[in-house]
Every structure is written in C-alpha cells, then in structure tokens.
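Multiple structures follow.
Presented sequentially are two complexes of subunit A, the first with subunit B as partner and the second with subunit C.
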Partner chain A sequence: MKKWVEFFERYGVLIAFVLLFVISAAIRPDVVLKPENLKNLVNQNVSVGIIAIGMTLVIITGGIDLSVGSMLALSSALSLLALRKAVGDHGSEAAASLIAFLVCVGSAAAMGAFNGLMVAYARIVPFIATLVGLVGFRSLCSGIAQGGEIRSASDTVFPALGNGGLPVPFLHIDGGGPLVITYGMLLFVGCAFAAGFVLNWTKLGRHLIATGANERAAVYSAVPTKRVKFIAYALMGVFTGLAAFAQVTRMNSVASGTMGQYYELDAIAAVVIGGTSLSGGKGRIWATVAGVLMLGLISNILTINSDKISVYYQGAVKGGIILAAVLLQRSRSE
Partner chain B sequence: MRSVLRLFYLGFSVLMVLVLASCSGGGGGGSAGGSSSGKKLRIGVSIPAADHGWTAGVVWWSKQATELYPDVEWTVVTAETSDKQIKDLEDMMVKGVDAIVVLATESAPITPIAEEIHKRKILLINVDRGFLKPVADIFIEGDNKAFGRKSAEYMVQRLGGKGKIVILEGIPSTVNTDRVEAAKAVFKANPGIEILDSQTGMWNREKAHDVMQTMLLKFNQIDAVWAQDDDMAEGAEQAIKEAGREKQIWMLGGAGKKEIVKRVKDGDSMFPADITYPPSMIAIGIHQAVSVLRDGKREEIMKFMPRHMVIDVDMILPDNADRYYFPDSVF
Partner chain C sequence: MPRVQVQDLVVEFPGVRALDRVSLEFQPGVVHGIIGENGAGKSTLMRVLAGLQFPTSGFVIIEGCPVALRSVRDSISQGISMIHQELNLVDELTVAENIFLGKEIGRFGLLDKAEICALAEKSLARVGAQISAKTLVGRLSIAQKQLVEIAKALSDDASLLIMDEPTAVLTEHETADLFALIRQLRESGVGVLYISHRLNEVEAICDTVTVMRDGRVVGTFERGALSPAEMAAQMVGRPLGDLFPAKIESPRKKMVLKVESLCGDPMPLDASIELCEGEIVGFAGLVGSGRTEFAETLVGLRKKLRGKVGLFGSETKLQSVRASSSAGLAYVSEDRKGAGLILPLSVIQNVTLPNLDAYAHPFLDAKLERKAAERWMQSLSIKAARPESAVMFLSGGNQQKVSIAKWLERKPKILILDEPTRGVDIGAKREIYDLIFKLALEGMACIVISSEMTELVGLCHRVYVFREGRIVGSLADDAITEQAIMTLAAGVAAA
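Our next item is the complex of A and B:
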C-alpha cells in the first residue's frame, strides 16, 4: 500500500495526463488522435513551456518570477525594433533575424539579471521584486509600441523560423502539406534537457536545491546562496528570451497590450501541477513539462468540445480539471 | 489512508462529471446534415472574450445566430489574447471545419494563421477587425469613420455650433483612431466648438469614470461629452452626477447598449441620442458562412458575394429608438 502511494505521488501528473488524454480521445477520436492535433498540443505550448522550465528553477530556490509575461512582450518588442532597423540598414533578412534573436535573448537576460539583483542583493522579496517587472516591462513595451502593435519587417525568414520546421515523413496536414516538427518544439525539448541536466548533474543544480530547501543551512555549507539566486533569475531571463523568440517569430508581430499576458500564471500553474513545491527545495523538470502539456490538453479538449460546453462555463471546467489533477497526485495526507 | 482514497475519488468524480457533461450534450448528432453532400457542416466561430459590454454583445449574438442552425456542428470559442485565439484557430483546423468566422483580438498577430486558413481553402469570414493581408473570403466591418463623423455632426448641431466639449478615447487601436479623427475633423470645421480635453477611458466604465472625475475638476464649464462608447458614457455619467453637474452636461455614447437606448427612448436629458455599432455584425458573418456553404455551391455563390461589406451606423433618436431596442440582449 505504501508503495502504491509513493507511486502516485511520484507519477501523479503523468497518470492525470494519460487519463485525461484517454478520456478526450474517447470523446472525439477522429480529431484528438490526428497527428496534427498532437503536434499542435506541443507546439501551442512552446512559449509557456520554456518559461515554465525556467520557473521551475526559480521556484526550487524558494522564489517566484511574476515578470515573465511582460518580459516576453518587451524583449519581443525590442527584437522586432532591431529587426526593422537591421532590415532597413542591410536588407538581408537572415542577418537581421540573427540580430533580432540576439537582442531578444540578450534583453531578456538583462531583465532577468535585474530581477536577480533585486532579489539576491537588494533583498526584496521575489513576489514584490518581480511585480515591479510585471508592471514596468509591460508599460515600457506599450510605450515603444504607442499602445498598439509592432509589425515585423521580415516577410520570409523571420516567420519561417516561427512556423517552419523539420517535415515528418509520410504524415500530412489537412491542407496537403507535410506535418512539421517546428523549430520551437525542438527548442522546447532542448531547453527541457538542458535544465534537467543542470538540475540533476551539476553543482549549480545541487546549490539551487540546497538554497531552496534551507537557506541558512546552505550558507553554513558554503553555498554562495546570493549568487545562486542571482543566476536562477538570470537564467529565467534567458529562458524567457528564448520563449519570446519562439512567440514573436510565430506571430511575426507584437501586440503590446496582450502578448504574454498571464504567462506567469500559466507557468506557475504548470510547475505546481507538476508537483514542485512552492516553498522550494524540490522539483522536477519532466514533471513541469507534463504539467504544461496537461494545461494545453485542457484547452485543446475545451475547444474541440465547445459544441458541448458553453463558452461561458469553459473557465469553470478548466478550473475543475486542474483541481482534480492536483488532488489526484496529492496522495499523502498531511 | 482513508483520506487518500477520498481525495482520489473526488478527483476521479470531477473527471467523470466532465465525461458525462460531454456525452449528454452531444445528442444533436442524429439529425440529418445540412449540406447537400449529406455530410454535417462544421463551422468555427472565434471571438474575443466578453471583457466589456460590446464584446459581451458579440458573444450573445453569436449564440443567437448559431442556435438558428442546429444542423451545423458549431465550435464557438472566446479568447482573451491573440495567443489563445491562434490556438483556438489551429484546433478548429484540426477539427476539419468547413468555415471559420473570426473577430480578431488584434490584427497583426492573427494574420499569419489567417493565411494558413486561407491556404487550406476553408471559407474565412472576417468581422470588424481586419487582417493585414487580403485573405478573408468576406470581410464585414462597421464604418468607424462614419461613426465619428455622424456622432460629431449630431453633437455640433445640438450645441448650435457653439460649446465646450471633452472627448473620451478608447483602447489605442485603428477602431479608436478612425472614430476620433473623423469626429475631430468635424469639430475643427466648426470654430464655435472648443475641445477642452481628449483622454482615454479604454472603453472601460471604471476608467472612464476616473478620467471624467479629473476632467470635471479641471474645467468649470463642460457642455457635452463625446464618449464614443456606452460603457464609458455610463462611467462618465456617474462622475458627473457625483459632481452634481448632471443638469449642465449631456453625453453621446455609442454602440447601442440596451440601457442607453431605453433612456434615449424615454427622453432622458443626459442621453438625447446614441449611435449604433452593432455587435450583431458577428451574427451577419455567421449567417453568411452558413448560407454560402449550406447547399454545397460555395464557388457559384462566391462569384457574386461582395468581398467587403461595410455596415453603416445610425443615429438613435427618441423617435426611432424602438427599432434598436433589444430588451433580451445582454448588451
């Protein structure tokens, strides 16, 4: 019996995901099992997924980052401005896209480092320190865009990065084209492996866990907790920059008011659904990825079955499923 | 240990409820398909979430229109952001819809996916907010320039060509720009009209209330408010009443919210008129999608269908307000 409980605690999120998937496939097998739907399930959640991976690292240290949605919007906006300038100056879309990529990740990393400074060295609680970014980065983004949209200057290379990818042999979409594994999906997988490697196989990973589990004990064990926290937020910035690039190439534009809105909440929800404790000290990257896919699956189910569930009640159903998923894996009574 | 089981059962039961809800709702499958080929038509409707009165009206009207055609398998979904809307549209394509009716949350981000829909030869009907490329089969929009011009002309006429006004702007967007610029052009052509201030109320009642409060403190004399939107007009009205100046200031909202139309009809002195910008245009789009596809003659019908329909706006005055009053609507 004890084994059974442990099994649930460890793999609850996977069980919940599989259960939900089986149910949804039973309701509409003709749609749910289409290869294109499975691709969409991953591809639609690339940005939130990459952010959730970074968020897992931050939450393991006992912190939180509320600024990621606004950071995604601002770094995307800066990236598009760089793209427009570069296309205007040189005309080569490929070179301009590379510059846009560097600006996107670089600016987000700088914003992440700013958060890290606030939390680790200025000792502002993470909730407030990153709330500054949530409000501030969004406002700067709106200011750059004059409250409206920023449109891309690249019509071929840039959107191809967002929507193109490696074609899967023998599989086709409804329109007749080949099914592609997008570059964003590859990036998502790459980020997951990188973060998993750092967390499980490096000194930094052990330090992240030690800092979150018991900060004072970590200090006494000669863990440089300030630097560890700083690095966690800076890495969060890098991940957000990658997520932003995936998103901005996909949309080929920035909607300054709404791009990335609520991503911080989706990412945090995915991390928690994956079983990572908000109080820090433990967490698993693969479980976060499962949490992200689970959230994506819920939206997918609601859209596919919207003829059965009225739009007004979809939010309530979504909340109910999240609750069920979390209850399912909380097997040990406190 | 018992609590473990209890939690598990609770979780499971929530999932079961979902299954039951899904199955019981799907009873419509038995009726005969609407298209001539015998296959059931599938149509997707993607609209912004009901975050203010007008969009709530859009959601309501889309329900009215889809319920007229129970033989169609509808996918009606709302989105808070363009990111969510893209997901919705992708899911619709996987579902194999024959047509999609879209009121875009934002123009530019939705354009790439609209191109993809167009490439797949799915009938694409775009309502109110246009795409950046001409990929829609039919584009239906309200005439925002006429909205600005007609409402401003009414205001000038009612003020007798002389008075001090303030302008409430909406969320920065092409819709707002078209309206405000057309209105300002009319006001500028009448030198007796003085525009004291122009501030954004974000098409939001609370925001409009706060902005109006500040403007009332700034200006001792205001004759009228060009509020552009009925939600904003109601917010401004509250601020004016709090300041006790309801006898001196009147307003012109917009969109034809039923509460405002009722007050125009009843001859309320603060609301002498209103101007339409019907959220029911989504119903026109939905109706067009069905009528183009229903008999399997899409190509023949698209030969004569207009590609761009502009819906005129009308002034609502006490003597014609009955025509624009829908007491059952949410908006």
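Our next item is the complex of A and C:
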C-alpha cells in the first residue's frame, strides 16, 4: 500500500499523461496516433517547454519569472533586427543567422541577468522584479516594431533551421515528404538533459536546491545564495533565448504584440503540474517535461475535438487540470 | 479550589521527555514564579497552558473540570493568556485593532471602530498605559507594546496571565512599572505565572516559586523560603560527574584566535577574546546577551563594525561564512532547524553542503558523498534509517550530530558550537560532550556557547561571560562555578 502511494507520488504526472493519452487515442485513434500529430504535439510546445525547464530551476530557488514571454518576444525582435542588418552588410545569410542567434541568446541572457540583479542583489521580490520585465520588455519589443511585425531577411537558413530536422525513416507526412524531428525538438530534449544534469550532478544544482529549501540555512552553510539566485535568473534568460530562437526561425517573423504572450503562465503551469513546489527546494526536470506534454496533449485533444468542444474552452480545461494537479499534490504531502 | 491546576502532565518529544508527571496549582491573585535551567520544562509547561502544545498524557483542570486546550483560542476562552517574549502584535495595525484582533466588534462584517476604540481605551486604562488606542503599534516602545499585550489579555477576561521573561527587554525603570502593574493585577484577583531567569526579580515579585529540573518539579516554595542563591542551587542540583567526562588540562600553548574589540550591529560591543589550540572556551550569559551575535559576527554572518580578528597570528577580515570556513573556522548554529540544517534534504546532502568542492570533480560524485555520510553516521553514531533519509525525521540528538558533522567534514581548526545540547536527550548529550573533548584533545580549539551553566562548568577550560552585548568577565579552571557565572551574567552581587 505504502509502496503504491510512493510510486504514485513519484510518477503521478507520467501516469496521468499516459492515462490521458490512452483515453484520447482510444476515442480518436485515426487522428491522435498519426505520427504527424505526435510530432506536432511536441513541436508546438518546444518554446514553452524550454522556458518551463528554465522556470523549474528558478522555482526551485523559491523564485518565479514572469518576464519570460515578453523576454522571448524582445530577444526575437532584436535577433531579427540584427539579422536584417547583417544580411544587408555582408550578404551571407549563414553568417547573418549566426549573428542573429548570438544576439537572440545574448540579449535574453542579459535580460535574465537584469532580473537576477534585481532579485538577488537589489532584493526585490521575484514576482515584482520580473513583473517589471513582463511589462517593460514587451513595450520595448512593440516600440522597436512600431507595434507591428518584424519580418525576417532570411529566406533559406531560418526556414531550414525552423522547420527542418532529422528525417525519420519510413514515416511520411500527409503531403508526402518525410516526417522530421525538428531541430527545435532536439534542442528541447538537449535543454532538458542539460538542466537535469546541472540539477542532479553539479554543485550549482545542489546550491539551487539548498537555497530554495531554506535560504537561511544555506547562508549558514557557506552557500553563496545571492550568486546562486542570480545565476538561476541568468540561466532562465539563456533558456528563453534558445526558446526564442527556436520560435523565430519557425515563424520567420516577430509579431511584437503577441509573440510569446502568456508563455510565462503556461511554463509555470507545466512546472506546477510536474509537482515542483512553488515554495522552492524541490523539483524535477523530467516531471516538468511531462507537464509540458500534458498541457500540449490537452490542447491537442481539444483541437482535434473542436467540432464538439469550442476551442474557446481550452483555457477552462487547462485551469481545471492545473487545479487538480495542485490539489492532488497537497493531499499527498499531508 | 484553585482555578487552574495541572495534574500528571507528560509531554514527550522524540527522544526527550520534556515534562515528566508535573502537577501544580495556580491560585487566583497569586504571582507564581517558575524557575529552572533551559530545558527544565518551563517553556513546555507554558506552551501546554497556552494551548500551543497538547500533552502526551495528564490533565489541565480548570474549576475542577479537565479541559482540552488544543489551540490558543481554547486557552483564551478558558481565561488563560500568554504574553510572549517576542511580542505577538501586528505593527501595521493600531493599538485598538491589535487588542481586538480576531474578536472584532461589528455587524454585517463592518467594523464598529468607535466601539472598538472605546473598549480598547478602557483596557489600556486598566494597565495604566498612557497610549492612544489609535496609535500604530509599530510606533510604540517595547515596554509599551508589552502593556498593549497585557491589555489585550485583560480584554479577553484572562484570569491567568503567563509571562515569559517579561523583563528581558525592559529597562530598570520599566521593570519597576511592570512590577507595580503585576501587583495591581494580583490585587484584582488575576493569577500570574511568572517565568524568569532573573532570580532577584523572582524573589521580588513572586508569592510562590516552583523550581523545575529535567522536566520535573523539584519543589514549590513560599515567598522568602529561598534566597536567589538557594534558588540557583535548587535549579542545578545534579552531580556533574555522571554527565561529563573527566576534564583534561589544556596545554594553552599556541594561540589560534585573538579577537580585539569586536563590534557588531547592534551587538557585540567591544568584545575581545583569546583562544588556544586544544582549548575549550565557554560563552555564558542570558539569552540575548550577545553570545550568538559575537559568534555570528566573527564568522561573517553579520557585519563587523569595528575590531580586529587575528587568526593563527595573521589579521583577517572574514566577511562571509565562505571566507571563515575556508580559513578553518566553523560555526554550528543554535537554531538547528532554521539555520543549521535543511530539514527536507537528506543526511548526505546536509553533511556535504558546506564542503561540496571536495565531491565535485567537476561533477558531484554521488558514491563519494554517500560514503562520507556513512562514515559520519558511524563515527558519531547518528541513527537514521538510511543516509538518504531526510533529516527532519531524525531525533533532536541525531539532528544535532548531523549539524556538527557537516562542519567537521570541513576539518576546521576552530569549532564554535552554539547551544550544542539544546533539545537533546541526556544520552546524546554525553556523546556530544565526549566528542568535544576528543576534538580538543586532537588540537581543535572549541568555543561552546551555552545557557546551561552545568555544561560550561563541566566542559570548559575558560569561560567568558556576556551581558548586554559586552564581555563582563572571564573565569578559568576552578573559578568556573555556576554561582560565579550567574553573578556575572545577571549583574547582581553574589548572594
């Protein structure tokens, strides 16, 4: 009996995900089990997923980052501006794309570092400090684009990066081309492994956990808690930059007002569904990944069945799932 | 019949019996003092009466009927209120709002502010407080806050007031005012349970004094039956030989630490100490006398305002725990659960936390970490189900050993132990004492901060006594007696 409780405690998200998947597959096997649908399920959630991985690290320290959606938009916008300029100056699209990548990740990392400074050194509550970014980064992004859209100047490299990938043998999409595992999906998996590794096998990971579990005790144990928190937010920036690059190459344009909107909420939801405590001190990367897929699966199911349930109700269903996840975790801890 | 009685109260914590069949009576209109060393069971008894701790067995009897006090609310409704040492008021609310917090007057969810204010003024007048009910509590002095707390208790119709070290935060003049108030309350038939370390004050204000030791009542005495010196003797009354290993002389050859006029914010004030290799030095003093502040300032947890720190002959700054622990200084906090350990983490993770560099090559070596934890569990006989068990499931004594182990892991040359045996059962105490002796014999310099005077007498080669942020004296070898310590710590002439 106790073993079962423990098992459920550990793998609750996975069990729920598998259950939901089996049910939806049973209802509409023709659509759900199609390789292309499975690919979309992951591919559409790459950006939120990468952000959620970074968010897990931040939440483990007892913090939160609300600015990531706006950060994604602003770093994407800056990246496209850099791309346009570089293409104009040199003409080489490949070189320009590299510059765009560096600007994308670099600018997001700088924004993350800014958040880190505010939280760790200026000691502003994370919720407020990153609310500044949520509002501010978005406004800067809209300002740069004059409220409109920034178009890419890359006709080949960006689309190739955004939509290309490793072809899966024997599987084809409806149009007849090969089914590919996109670079974005690979990046998502790579980020998950990297974050999981940092969390479990490095000094930094242990320091993140200690800081979140009991900051005072961490200070007394010679953990440089300020630096640790700063690094968490800076890393969040790096992850957001990577997510931004995955998205901007796929879209090949930036809609300044809406790109990345509510990503912070989706990411936090995924982390919570994965069982990471918002009070900090514990969390698992794989569970967050499962949380991302869970949210993706719900959207997927609802979209497939949009003839029966209007897409407008997606939010209500997601809300219900988050609530259920939180309630389940609470009853477990008590 | 006494209004409030306790009968055969037993409170057990993992590994410790905090109260052992305690039976007492509290009469109305009587100031009843309770004295005893730290860990004697005074605070547990108060917590039971205040509804903060439910007894393992035994009864609280009010007006002849056993009652179950499961919450502060239960206790208040039975007429028992506690004035906490750290006052429980909300700074952002007014005096009146604080007094009526949780029992607001009004209709339809709207507050009747005029009525609340008027009633609050009345309670304030009863305690003789010259404060407007509309003042924000945050603006009041500590003594005034205490009056508000008492007014609050009286507005709850308290017939038994529990005061925990009420004068610890007061000046001499304020103390006199408080005593006048207590006497006035006594006249009006309110019973007062007065807990204090300050034996002179206990003698001055209490009609009855109960002495507690090791969770038991040693005896209850009428006013005038005991002098402060006799009270101290009753509080201790334990042969030391059983509890402490035989002292070994310290060579006192090589000085390892010399602190000159260390000042912190707000404490310590101009504190200077010296410490030699293999020496065990005690810090004595009442709670809040600056002992912990000295240690925390020294290791870089608090800002140093002034003063020189010489470590192994060279001057150092030690601005962070990181710096001081690299320099060979380790501080084991008195607040085991809040600062010493990270309770939800495992024994392994706690033990290796201050010393992760040793396990990162460059990535953490889980096997090596586990081995270290196992090694410490064996050498300090830490009882835990597995090295992976969260430390919150360990008993007080075992937790304490983990919090020491994590610093021994860094191989310090100077070890500061703050209240190393607080909340630890007798058996584990002896083990910790043995460990301290062993470390000293191996050449480690140890500072032991303790409120248990027996501990300082039984362990230390020298003792510095703190009072109000300053070091007011030092004692060595045979001059270290409880009486001498108490005299210096309380600032009274020897009885």
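Observations on the structure shown:
The definition used in the following text is that the second predicted complex is superposed on the first by the 317 of 334 C-alpha atoms of A that agree within 3 Å, B and C clash if a C-alpha of one lies under 4 Å from a C-alpha of the other, contacts with A are read in each partner's own complex, and residues count from 1 in each chain.
In the analysis below, a contact is a pair of C-beta atoms (placed from the backbone, for glycine too) under 8 Å apart; a residue touches a chain by one contact, two chains touch by 3 or more.
On a predicted model such as this, the values are computed, not experimentally measured, just so you know.
By the touch criterion defined above, A:P159 lies against subunit B but remains apart from subunit C after alignment on the C-alpha atoms of chain A. Using the contact criterion defined above for the overlaid structures, shared-chain residue A:K282 touches subunit C, although it does not reach subunit B. When the shared chain is aligned, subunit B comes close enough to touch A:L327, but subunit C does not.
Within the superposed three-chain arrangement, the count of touched residues of subunit A is higher for B, of the candidates subunit B and subunit C. Using the contact criterion defined above for the overlaid structures, shared-chain residue A:M251 touches subunit B, although it does not reach subunit C.
Using the contact criterion defined above for the overlaid structures, shared-chain residue A:S92 touches neither subunit B nor subunit C, since it reaches no partner. With both structures placed on the common chain, the touch criterion links A:V5 to subunit B but leaves subunit C unconnected. When the two complexes are overlaid on their common chain A, residue A:S221 makes contact with subunit C while staying clear of subunit B. Against subunit A, in their complex, subunit C makes its touches with residues 301, 320-322, 325, 331, 333, 338-345, 349, 352-354, 356-357, 360, 362-364, 366, 406.
Only residues 197, 200-203, 205-207, 209-210, 213-214, 216-224, 281-282 of subunit A touch subunit C when the two sit together in their complex.
Taken in their complex, subunit B has these residues touching subunit A: 1, 3-4, 7-8, 10-12, 14-15, 17-19, 21-23, 25-26, 28, 59, 73-78, 80-84, 86-88, 90-96, 105-109, 111-112, 116, 119-121, 132, 171-173. Residues of subunit A that touch subunit B in their complex: 1, 5, 8, 16, 19-20, 23, 26-27, 31, 34, 36-37, 40, 44, 47, 146-149, 151, 159, 162-163, 173-175, 247, 250-255, 257-262, 299-300, 302-309, 311-312, 314, 317, 320-321, 323-325, 327-328, 330-333.
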